[in-house]
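What follows is chain A paired twice: with chain B in the first complex and chain C in the second.
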Partner chain A sequence: MAAPMAISPTRMELIKLRKRISLAQRGHDLLTEKMDALVIEFFEILKRVRRARADALTQLATAHRALSICLALVGTIETRQASIEARREIQLEASTRHVMGIETPALRIEGAERRVLERGYGIHFTSSALDDAAREFEKALGLLVELAELEESMRAIARELEKTKRRANALEYIIIPRLKATIKFIMMRLDEMERENFSRLKRIKAMLGAGA
Partner chain B sequence: MSYKIAVIGDADTVTGFSLAGVRHVHVHVSKEETLSKLRRFLMEGDVGLLLITHRVIEDLGEDFKLLMRTKGVLPVVLAIPDKTGYAPAVDELYELIKRAVGARVTEKIGGD
Partner chain C sequence: MNAERWIERELARLNAHLPARRITLAEALRSERPHVVGRDGSIHEFDRGELELLANMLPEGEWNGLFLPILISFDPKLGRGTAKITGEMEVKVVGRLLGKKCAGEELLVYLPEITVLRKKLPTLTQYFFMV
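Let's turn to the complex of A and B:
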């Protein structure tokens, strides 16, 4: 059970505690509201993640299949050689976005898919299997960029949700019960003091009455 | 500002993404090498997205988790399956959902 805090049982402390408890209550209400909003946001993004993930993974599997065919038809060394020639600086636009005070990444890729002639390897000595593999991987890359943004946003929301939950629980199960217990302790102590005083007065009055 | 994409994985994954034009790649051979490369990708500050295969993540184990906890919002790290479609039995993301939502359910029961 929540133990009362170690403070002196005075009326002043009681007023202070009442203020604190109403503040804690308000904080708790706000946190609960925030949690509700986060949960809605979370499920919204979860739906999108599921869809994006299915798309991206299917495309990635297709890409790997195309690459296997390419490796078989063109040869491992030739494919690797072409892959080194195909490298370029990819333009990935990355920034951060704020969703309800949570920092989430925003990613955008420019021109993931290229035309055959833009890929950089010579088309004269290479097979179309190589072009297929490259195209499928370019598509997969585009989808994976989208998925990465969504997954990371979801992770950020989940983290925030956990944090909010922990705070709300701390208020609800620890801080507020402790404040309540302390208030009760002070009130009982004050009542007790009043009773002591009352009987003391009675006694004095009786003594004065006997002396007169 | 424009960022780079980096890929860490087995030879085939790396070849595939190279074909798609990714320049910053690393073929996973030994744990130490991959870890130092991974650290470089995370610290450089110009990598916006890092793709890494599930199998490599498993090989790196705790060191990877530690690095993930200490990194900022960028780079975004995305785990991808390799050509065998291998993904771990316990999905890290769904584990997260269970933690975030599951505990909420118990709280509802406790609150009533």
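Let's turn to the complex of A and C:
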């Protein structure tokens, strides 16, 4: 049972508290609706994360297979040399997207999949197996960026869901019960005062009657 | 902080992401980068694929009657898990997407339908909480 607030038990306070409880109730209802909407968003993004993770893992497995073939055909030293020569700069555009006011990242990778000549390593001493491996890893990179964006969005939504749940719980289990207890206390006090007044008047009347 | 002020601030925060001005489907299709600016200053971009999906559903003459984003309005009076879509064109396209019979300017949608709607139009729909 929540403890009532320390306020003077007057009719004015009772009116104020009734207004406050209706506001709190409305706030609780809306936060619950928000929680439902967030749950929809969370599960939708979770499905997308699962799909993106499976795609990225499949692609990484393909890329590693291609790399193994490349290492066997081209040789470890030559492959390592080519990887040192390769250009490492990739354009990544990072902005934000808003889902119900929650800031989520939006990442767009520009030209992850490059042509052979754009990669930067020499083509005279390498084979097409290296190009295949590089292409597969570039594809994997695009998928990993997509996965990173989705996972971070999912985390942001989960954090907001947790916050909303905590606020809704604070209203449901602390603020509203406390307001209800205070209203109950004021009503009891007012009733008590009314009874006191009534018995006082009765007593005065009896005394006046006895005096006459 | 005073509980009352805290609740009021929370309620004000609920709709901060909504656009200050909605744009029509025709405007969005004409724009190079279709987007709206939220009341909190955030930019909400529309997906061109989704815009084309709606453009194919409506005759060109009706593109000016559909305002974007479509608002999924939650009102506690409707009960938990129920929302409504308002606006003639909005009701028409949402009804068609969900396979619901509808007429008039208001359509009630329920949580499973909202899930479907959000899946089909993630950037063209936004939640609105009736405070």
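One rule holds for everything that comes next: the second predicted complex is superposed on the first by the 206 of 212 C-alpha atoms of A that agree within 3 Å, B and C clash if a C-alpha of one lies under 4 Å from a C-alpha of the other, contacts with A are read in each partner's own complex, and residues count from 1 in each chain.
Heads up, the rule we're going with is that contacts are C-beta pairs under 8 Å (C-beta built on N, C-alpha and C of every residue); 3 or more make two chains touch, one makes a residue touch a chain.
Please read these numbers as outputs of a predicted model, since none were measured by experiment.
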Joint occupancy of chain A by chain B and chain C, clash or fit: fit
Which of chain B and chain C A:Leu171 touches, first, second, both or neither: second
Chain B versus chain C as contact partner of A:Ser68, first or second or both or neither: first
Partner contacting more residues of chain A (chain B vs chain C): B
Contacts of A:Gly27 with chain B and chain C, given as first, second, both or neither: second
Contacts of A:Gly101 with chain B and chain C, given as first, second, both or neither: second
Contacts of A:Glu41 with chain B and chain C, given as first, second, both or neither: second
Partner chain in contact with A:Glu93 - chain B first, chain C second, else both or neither: first
After superposition on chain A, the shortest CA separation from chain B to chain C (Å): 12
Doubly contacted residues of chain A, that is, touched by chain B and again by chain C: 96, 103
Chain B partner contacts - residues on chain A that touch it in the complex: 35, 39, 42, 46, 49, 57, 60-61, 63-64, 67-68, 71, 79-80, 82-84, 86-96, 103-105, 107, 109, 112, 114, 119, 130, 133-134, 137-138, 140-141, 144-145, 147-149, 151-152, 154-156, 158, 161-162, 165, 169
Footprint of chain A on chain C - complex, ascending: 3-4, 7-8, 10-11, 13-14, 16-17, 38, 40, 42-45, 72, 74, 76, 80-81, 111, 114-115, 118-119, 122, 126-127, 129-131
Of all residues in chain B, those that touch chain A in their complex: 1-5, 12, 15-23, 48-49, 51, 73-78, 80-83, 85, 93, 96-97, 99-101, 103-104, 107
Residues on chain A engaged by chain C in the complex (per definition of touch): 20, 23-24, 26-27, 29-34, 36-37, 40-41, 43-44, 96-98, 100-101, 103, 167, 171, 175
